[in-house]
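The next part holds the structures, each set out as structure tokens.
Presented sequentially are two complexes of subunit A, the first with subunit B as partner and the second with subunit C.
Presenting the complex of A and B:
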């Protein structure tokens, strides 16, 4: 008998408990019948399927509670120790994704002007044919496969999209890091050869410059800094904005934007001059101490106080405490560091401090990431004649980087190139600029996998202009993102709850590997990116012009070893191969959702005898050895940034814990938490401008303006304003947030940090006035 | 075996105001999106101070599962009742939507569930009890603000926390004797 929820709870008093004890579990669970949406499935019964979350980058493990073929709820997987077995608001709201009334259900081809929201439904087969045909046309017309750009967003299916890019042979793959973290990767790698983690579960002294771990959730850091916080741990947060992280800190320094480097350099000054550093560690493990010592003499705490507005005594206190608790002290590396044009130099300064104090590869310190060993097939793609070098690289020397007019422009930064451009990632800003100029060669077609650059990249007007120049744009996504909205062909991917994804090792101090299995059948017969790539490649193989610039024999091997053996095989075979080094690896994955070697933190890998750091000298480089070859400073040099003039504010970015970038705002369960963003403005400044809480205000930069409600607050410096990412959307297919609140992309100016190629998104000044 | 007494000990200082608990509750208990439909909430307490000397705290809460239960005393049909573990539950069939309980509850813990045509509120996820699973809001929290357990069992984590820490309850002047204990 199936108990209704009403009947179940109707049993009263003592009888209720007896009923509970007696009833079998299946019927008990059935009381909580899934309710939202109304898609029907033929399936009966209940199950709990292990898989992993795709609502952000962390891929937290869960068990999907499936009732009659519908997702009822996602529950945290207790074995997923990397997330400390939690699921955040987004992770919970993910249960709605397959049933979101506005999700993409069928391929759509444009049936009107771009952006007119007129679409015609077509089949997947037709969509694949169109893509193959357009790829062939681009190749024939431009005789350069790199004339098609492949933009993608991070995820377990990104590899499937890269397979398509490599099959076609374009070198223009543009991934997300240069709108996000490429500068912190470059900065920390320039010291340690790797981009490491900070062990917040064991550190006693934590300096967090800007990272907002209470709201921009990163596993396990966001959990550890409160949940496993060691007794007596001190947290110091530098941020112009009083974030939830600042609210949890022992000290909040509302640092003057673009001056954080002064704080770090002065810390180095104190640590060296007061001889607080770890002499053995410095002597044995590092390179370039003497140069560093001489260099930082100019950067006294008193000097720094004038730059960053943090009192000299506080800087000294931080330096001394840091050294006192070393090696259990960290400067937090952070992720989305697309802040300033000299961000790499700033990150270098951060990275040097733990190196001086020997806080390296030990509990509580800065620790290199470890991974879970997986096997991945080596795929040989054909070599083609008609391929030119990456556009952003070819553009070096052709035009100047967009840098603000201040001391930083004068030295230390490449003016017309990117020093360390990621070979697969590219530099988003430099890439768009080169496309707009059409030089040195035209890029005329875009394949986009889930990267919503219309809202993610600064200067939306330029992005839309770039899209206008395209012969053809194909978008693959689960929803009508702003980028999809301006595309010519939109191909839906299945949501993460409906597909199988390959295994991925989540590197860190607690490495764990996870994958995805379908928790439910696709609600609308959609396909995974793996299947989409398979379908497109099959159609491509039917067009001879696509293969006339490669070796025939090579092509045959490619068909056999890749198309037949991988694309035409079930993705499960791929997964089985990946975990074939583990006993019963595949079965374990299906059951547990995870695979790992140990659930303990991994430390000391670099302490092994003969270990060479991946730097030129093989040591930790306080003074970088290879940078001078490219005309870059070997040591972090502070050059004063321009600051907003009277009447101007610096616009700073950020987000809250219930949304991810631009991907989650149209989910009703998250939308009801925040329906639009608001402009944070310091109460004294608001008073001067006659702005009251809730007033509509116009925020204006040199590239655009937005109207938004003011939130008059004490929680921000007087010289800055802020609103959260992901609102003021242009896609009518995201109706909950269409034109609700304000867009960041619309007002951000497009400066570049030219050592890593990252965007510099905290360099925009705006005015604010009553609407 | 002594009877169980379920309760929750909260360390609100750990709360990120991330809303994982509120969203988890919605799915676990089939609560549709909507302004007034919730069993659990996170209050942003008033910001203290002026820039740059400010502090901000959050107060996550839900039905207190009061030992002195004003919502039950006023209920004319006895739709509100207590489980043997002291969990305050509602018999939806008996509820006549008079809303006396909503008025009587000092914590604003109740809402009208228009789909069930009854007044509804937190049940400590009672449906999870047979399997011994934690309530959804407890389980999903990134920082483990809540610890759920049997307050009659001195060995339970909740009892130990209660014994080890100074705690307070919300609105003690109402003499409801809540089963939610906040760590000071």
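Presenting the complex of A and C:
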């Protein structure tokens, strides 16, 4: 039998290297030897349990080594080919989570002013009763179920939380994408109809605008570009910061912020005018080439050089190399793309380049995601009378502070709505604005599952003001996050090592499905979101006024088909149903932690002539067909962004390898790596301001200020400053990072990319001075 | 399943209720309900008829099916001797709004997670 490259990597080098790296971490020794936590277990013996990680979004597979009922170590799962059988240091540090001394252990109800950190312990049963009663009060008082907003973060238990939202009937669900990647999804989908992946394992020429895969880990991309890139692969990175990804690149262009689109448009100009594009592919698979060709004539490399400060010759080189290696060339789509208010147009420009060169659905190109076929029940929730449309779909007049005062404001972008709003995701910034206005109806209660918007959303002061308007806030999390800190009721969830989670297909070029099984018993008798939903729904069913605006017969169906058949059944039954299309699927999951159809890359399904893309025209749209209907540009138009004046800096964001968003900074082992963040400031600018390395400085924007230590460096352009996410926290329940370093949310202004509804987080200008 | 066995008899009552929902927030929401109850879970989950969801067709294809007072749909069901008489005119309009709004080439964006 021929051993595939992937199997080989999984079975040998990748797993071995990851295991060696993991074994050298002091944190793992600490888990095994420190006796972390005070809970005792009566369990005896040793076992290895397959499950998946929740320390970031990648859900990498592992085998938990459990000794006497306690996690000793997490080892990478050699069958988890999506991560190339790797479990990173952050994933290894997850072994600390169940034993973290500050994790939430019991439901807490507020016993003082909001934010006073005064709590009273209650039972889960009491917590469920309180939630059900508050939901009933909201429904009775406002006669509109949408007056309760349901915020959630992604994860294998998010579906359980959405079950609760749909049981209650509110249409106001607000998910994470509009604080993350809505604009890249919209931009790439406007060309291909889908948000595709880039095949870094096989690409020969890679342009990465802004993405930082060496630190902001996304599997398999991070592993492929760091370890398994093909010999001769060239990597070009555009980033105002010299990130670790830039350090690994063949070329680093310190692009002037907000001008990346000029670089891409000039690449298109060269590819078209030098006839480097794939003529057959363009003729057969795309729509609107002639319009694009005419449009980009204005965007010469010489023009672009003046905008983006990347030499014209470099732009030409990039375009020619891209075309030379096509179809094994990619512009990397990226993930957290909440940068600028014209981000969708920029992503469109990125997406057009591989389409011109035929780099579509082939090894080394841009490839649509494939999934693992799973079965999921069609749950029929009751149909309620008292439900109003989502809050962020209506037009409420121009919002304050949402588009900067520059040429982009004249681009026909909507100022009072979102052009393409995700009906389940919503737009976080727009939603908050609508809540603050209280129009057209009040939202007065929040149910929140792990979304720490106090630190994740720009303009923290505004977020706290919104929370002050609430009659009741319930937070479900594993730790006292900043949002939990200002809640009225906090319900602990079991950590991912203590609970069962449903199966999730991780779509991509190498689709794989994973799930979670409890590796250990809950250390503090906590519950999963699935169990929490079940408990709350049971209490809701005891309150007649919660069900008086639906049909009795439908309610009976709901009780029978959902409450009894799903919520009251073990979650394992749900998992078995999901994988019932696989022979011995459930048993395979328990043993291997994963399930899949093939471990080979899936290519070519949409590269066939006649394939219908999910666009309006059915083809790859170089010129978008439907955008003009909403007054939007059919082609990416460059409009000059404002730039910081003397004494100002653009505040830019970025990620690193050891923390995920705001979720892991209070993990003791990760905290050892970074105890507080520092402000990256260019050495020449620091000199002008009399700032030395380690000085405490005040970073001030129009919405707030923070004090932080300066890190004087050559690794950032003079017109930008940067500090990492997740510090300067306001929750006293996260003592390691409480008021340590600086918060991003406190100084970010709340601009918005209004085609996708994404927050635009690189539009804030700040001043820096010595503290 | 028990529910499927009684589905045909309850469609009329359910839809009458749906029409009477004074506070219902738009036709699309009603349409989703009608679609799931009367079509998707009754037959078109692949159990008794083709596996059909909004993304199975483009907006133009849905329109073609619903044009001429859904004559093509009527004919297809009649050919298989499946009664769909319980649906009111407004139900068809609601369903069309939902299916069009979530069609293969609709404005509804892809999501994450």
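What we mean here is this: the second predicted complex is superposed on the first by the 723 of 771 C-alpha atoms of A that agree within 3 Å, B and C clash if a C-alpha of one lies under 4 Å from a C-alpha of the other, contacts with A are read in each partner's own complex, and residues count from 1 in each chain.
Assume a residue touches a chain if its C-beta (ideal position, glycine included) is under 8 Å from a C-beta of that chain, and two chains touch if they have at least 3 such contacts.
All figures in this text were calculated on a predicted structure; none of them were measured in a lab.
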Looking at the overlay, what does A:461 touch: subunit B (first), subunit C (second), both, or neither?
neither
Subunit A residues touched - subunit C or subunit B, whichever exceeds:
B
Output check: A:658 vs subunit B and subunit C. Expected answer is one of first, second, both, neither. What do you get?
first
Look at A:673 in the shared chain and tell me whether it touches subunit B only, subunit C only, both, or neither; answer first, second, both or neither.
first
Scan A:180 for contacts with subunit B and subunit C and give back first, second, both or neither.
second
Quick check for you: in the superposed arrangement, does A:771 touch first (subunit B), second (subunit C), both or neither?
neither
Which of subunit B and subunit C A:223 touches, first, second, both or neither
first
Overlap of the subunit B and subunit C footprints on subunit A, listed as residue numbers:
none
Per the touch rule, the subunit A residues reaching subunit B in their complex are 5-10, 12-14, 16-17, 20-21, 23, 25, 28-29, 31-36, 72-76, 83-84, 86-89, 91-93, 95, 214-215, 217, 222-223, 226-227, 242, 244, 247-248, 252, 254, 657-658, 668-673, 682-684, 713-718
If we count contacts the way the header does, which residues on subunit C are in touch with subunit A in the complex?
2-3, 10, 13-14, 17-18, 21-26, 29-30, 33, 36-37, 40-41, 45, 55, 58, 104-105, 107-113
Considering the complex alone, what residue numbers of subunit B touch subunit A?
13-14, 16-20, 22-24, 26-30, 32-35, 47, 49-52, 54-57, 81-84, 89-94, 115-116, 123, 126-127, 129-131, 136, 139-144
Complex contacts: residues of subunit A adjacent to subunit C
57, 143-144, 146, 154-155, 158, 171, 175-177, 180-182, 185-186, 189, 193-195, 378, 380, 383, 385-389, 420-425, 549, 551, 553-554, 557, 560-561, 612, 614-616, 618, 626, 756
